[in-house]
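Each of the two complexes below includes chain A, the first together with chain B, the second together with chain C.
And now, the complex of A and B:
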């Protein structure tokens, strides 16, 4: 007689699992991180407390966290809208750069003298276009030739990265500020192209825009025919063909939408924080982190808001940890925790989808056999 | 073919313990009891059929006998001693081998390579000649001619099945479990299989035959255990029973096994002319001409893989034919896509229910939306009401309208699909042409009867109905006219009442009926 552990597929997943699984995953990741902190000679409890305090307990901590959350919400959405249909646009990073390039161009060229709403609106529209333009080659090659979008979007990211650096560091482009020759910088956009700030904090109206876009994406996925088509194409291409839903069209539209969301993140960074095409201020891996955000949120728009805020808090706190007197906890701690959280989230997913059962193996009934 | 000899043989060795037996086995899956306290035994030298509707628990029982599943309660007993099988490999080590309905062969490997694949008793350095000799010897002994060098990908379905059987025999199985082995075979191949089965029992092997086809069960088996809803409802010797009695045991009430014929208005609803579909240089459909009149059911018979799937797809607009035209309700829809075909009045039930007809990951409500016309916003309210209505009217066993389609059994999935596709057939603005692939495949007798009723009703409402099926009995019981598809061509066509069974069988096997006469 013995016991075995069995995974049993759940017939349905309910909201409780959807909520508790990520929370437990995060706790497991913190526990794993604590091991490494202990090895390094830090007290994990106090490090975590500092981390939390720095990001979530003070007014400036919270508003800084939310400021970092703005682009993460948008890149998270960019990943989520396509990942949920098994289309892996991992190039939100590059789409963000293109969004920043397009958005800052619009800010510099078109918005002078306009009211803020119109100016920022133009920046965002151009940013979205820039992101979509950058997703277009990947979308077309995917739809018509089946080229892996994972490869194309990743490669396009590097092109975007070096294009942005070239525009500022390598040339006297329109974007470069001609007055700073020693250390090249982007030309700063006029105030009409900048989000207004909340009081004396660094938090800008981009958070409101991002939340509005979360709602729009949710409605699109849940209630429109386009969202329905995306669902069908993603989960059963044969059904899509059967029902006359054009897989090609849907794949292209979805990837363009994803690119546009990534581009918006770049636009929001230009209008809300960087105020210029600034490679140093934009090369933060916001696009790649969006993938983590989307995965942790199980591709749900509302979940993305929560997860993006949480990850933003980690980043924010990670920076603050460095400034601690005495302890000198490296900033990498927050990156390590991010990685650990992703791993634990993927692991946690198995438990959300399956039920773990302790099964007593049936006792052998020899008499019954005779 | 009287099975009485074998049956008599088994009587004489009654004193021996059964080759394999299940004693009070119970197996539960989330939400269902697949087997409830089942007793079953096969003697050495006999063919014992497990008969039952789909979902009755036949395959679950077989899976426990061969080691694929472990019983929650009860025991599997081999030659009188209890067994605790951990895997099918473990089963094989005890001489128990299963031939699955869906073959588990590697296309790019040869027959010999497939046979030794996963065989733990092979030496570290494989001796190919020894394997080939052994395979040939087994083939000779049991009437299973296979070429050990042939690649699986080049073999017909019947030949592949032979390889599967040779494989378990090669591993030394004395107990063979055959899961619906005839589903994919032509009538002559079925005969050849039965010869093999008899050769095996004559050599003292025990064969468990799983089927729901009453005719075959009567002709091949010595005894029959009938299952319903996970319970054994009877065990009878075939010599002392009749098809009718077995059918009643299977469904628990008497079944009408008759057919109805319709009267057609003569108006053509669906018409294909000179339809050609190619794959690179291979011809999948070769100049198919086909008319289906309003108020008539035309059945396409044929063995799997002779162009049925492509025909359905070309007619439904999912695939564009290389040549020829498709006309639905007087509208030429050739190459204009699945939506155009639907707008012209088509309803289509594909053979693959979960995965094509239904999206497994979507709710029943959303699946109702799949082929509906949709505006910018989807109308879930109506779809939900449709799903609710379908669950009630079609007696669909589902947790609710928001359950994912993947949780449905095959029969219930088919009902959902039919509910969606047939809801408005014959009504003004509704579909006038219905194409159905394998409508009752995998369905239990009760559900199959219900589905046949729906198709008859569609015909009575004036629809032109095309039934494409690899199950000849199904085609014969439904259709007013039958066309046989062989290698992408219509090999034979005529009124169902006038075509003889052997004529159809030969056309399905590629024999020109004119030659035989």
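And now, the complex of A and C:
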């Protein structure tokens, strides 16, 4: 008959593959991006150099990159804790919005006059609660009715989006700043609900909090009985039942934890960058991007820090390109490259773990057809 | 009575249903083959921006539509390769496709942002039929794409339920190993149907600029239609004719605001926008519980890569 491509799992993977695969993936994506840039009449090399310089070589470049990395690390964790157990909460985006809604409410209502640690702490606690609340229906439906969490979390994301828009654009809610009339905006939280900044940069203490949570999640996955239960339920529900682990309880707890992490990302945005409920959520796509970040990091907490920082650098570089004099490179270049890099890295990751082989298909098919 | 706000709203709802239905019918075929493609919004954006440019350059509606559809199909090929050949996680790949599609479409659409397009679909009036009360404006004063969409839904329903090829497709989505054992080329089926999904999403995106608002804007053109289409497939329990009916319902939710305001009913626009997603959750929870899953019709192998060796 003919030949087909077949994937074969590599028996061993070595460190060289682990290092070179991401690099090759990025190079492939840059090559693909270069095609589009050339078509539109830009010099790819100089655009890429400017992108890199803007994000990773100057003090302000690096601190801005890390600022953008904060929510991506948290949404990445939100995806990682459940994806690794084959539970697909793809609603970190919506959980982030709810985190921002709850967090900014706490910031506006509760923190006046408090010391920063307490004020920001309240914002984050409420944000985590908001995210968990938004994951709750999906968790309950999944655990009790077997309803696909993929669909429910996705639907809830859009309900959250319109709820947030309603609070700012559609009503004179508590969150809306009454002073802005022509273009509605969120009311700004008091300074007691804002992270302190590092020196004269825009980087805030949220990065320290995010890294602390990375450690906590790592410990939870590696060393706690909940982490163990989650692992067993994820890899073999039958063994979990045999071992007396309640699948239902574990699924609910895991989804609530994931939602809380997504909510925290929203809280960190309120306390660290936006200082208000920012209704332009979907344009940033932090929750959706977090899922891809987590996948590229193979759902490992430490890997997420690295991947999130890299993606944040791309985003930051895109913004910085706008400020450069001379030829105007559109900010969209960075979004396009992000997508290309994500897609190439998804493919590259598979190549790293598998071998693509050309095999003869003849005998099996003939036998099957007869 | 045909110029009352209600009738005008209904007519507009039917028009608004067209791109939703097109994208959802495509996604339905992809999911029926076992491949979930969350990248609909990205493929629609690509379809819209390329159709605009093709329409601008050629001045021909059908050329523009074909270019948009083809661009969507090419785009979906990325997803097919990653998910079928490389067996990547379909969720992750689909979301990456949205990010890439948004980036590429915004980048190549930069120069046309806000420009008008002269090439657009115009409604055909069916003579006296168009003057019938209610049904006239709703059914007999629409542009050709509405009729094409209705026919398409019927054709897809026939294909799925009444043809041998449709049976093979359903088998691939329900039990790829069984399909494989009787000689159905699983990977080929999945490639083809993912690409038809891209084709129709691209066409839906193209229709947004050719039939609704003849301009391109990155955040305004699709405005979440791709995500609604994803919801619709679930809402319609993976059945083509229900997709069509659901599209009219979701289209109505997108257009009802104007009418409701006139009636003095003050429902915020945002709540109407939530409606399709809320309804989808309700349908899924009520009819889609584990015990009833078979009747609802979620393909059993949806989201699962097929590996022959591990059969």
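The criterion applied here is as follows: the second predicted complex is superposed on the first by the 329 of 370 C-alpha atoms of A that agree within 3 Å, B and C clash if a C-alpha of one lies under 4 Å from a C-alpha of the other, contacts with A are read in each partner's own complex, and residues count from 1 in each chain.
In this text, a contact is a pair of C-beta atoms (placed from the backbone, for glycine too) under 8 Å apart; a residue touches a chain by one contact, two chains touch by 3 or more.
Computed from a predicted structure; not experimentally measured.
Once the two complexes are laid over each other on the shared chain, residue contacts for A:100 go to neither chain B nor chain C.
When the two complexes are overlaid, the chain among chain B and chain C that reaches more residues of chain A is C. In the superposed model, A:26 makes contact with neither chain B nor chain C. By the touch criterion defined above, A:151 reaches chain C but does not reach chain B. Contact with chain B, but none with chain C, is seen for A:235 once the two complexes are overlaid on the shared chain.
Of the two partner chains placed around the shared chain by superposition, chain B is the only one that A:243 touches, whereas chain C remains out of contact. Looking at the shared chain after the overlay, A:166 reaches chain C, while chain B stays out of its contact range.
Contact with chain C, but none with chain B, is seen for A:332 once the two complexes are overlaid on the shared chain. Legend: residue contacts after superposition of the two complexes on their common chain; A:141 is shown touching chain C, with no touch to chain B.
Once both structures are placed on chain A, chain A residues 365, 368-369 are touched by chain B and, in the other complex, by chain C. Taken in their complex, chain B has these residues touching chain A: 21, 23-24, 30-31, 70-75, 77, 80-82, 84, 316-318, 337-342, 348, 350, 352, 355-362, 366, 369-371, 374-378, 380, 399, 403-404, 407.
Chain C contributes residues 36, 38, 78, 81-82, 85-89, 91-93, 95-104, 106-108, 110, 180-183, 187, 218-219, 224, 227, 230-231, 234, 268-271, 273-274, 277-278, 280-281, 284-285, 288-290, 293, 298, 303, 307-309 to its touches with chain A in the complex. Of all residues in chain A, only 4-7, 36, 39-40, 83, 88, 90, 137, 141, 145-148, 150-152, 154-156, 158-159, 162-163, 165-166, 169-171, 283, 285, 288-289, 291-292, 295, 330, 332-340, 342-343, 346-347, 349-351, 354, 365, 368-369 touch chain C in the complex they form. Here chain A touches chain B in the complex through residues 8-12, 223-225, 227-228, 231-232, 235-236, 238-239, 241-244, 361-362, 364-366, 368-370, going by the rule given at the top.
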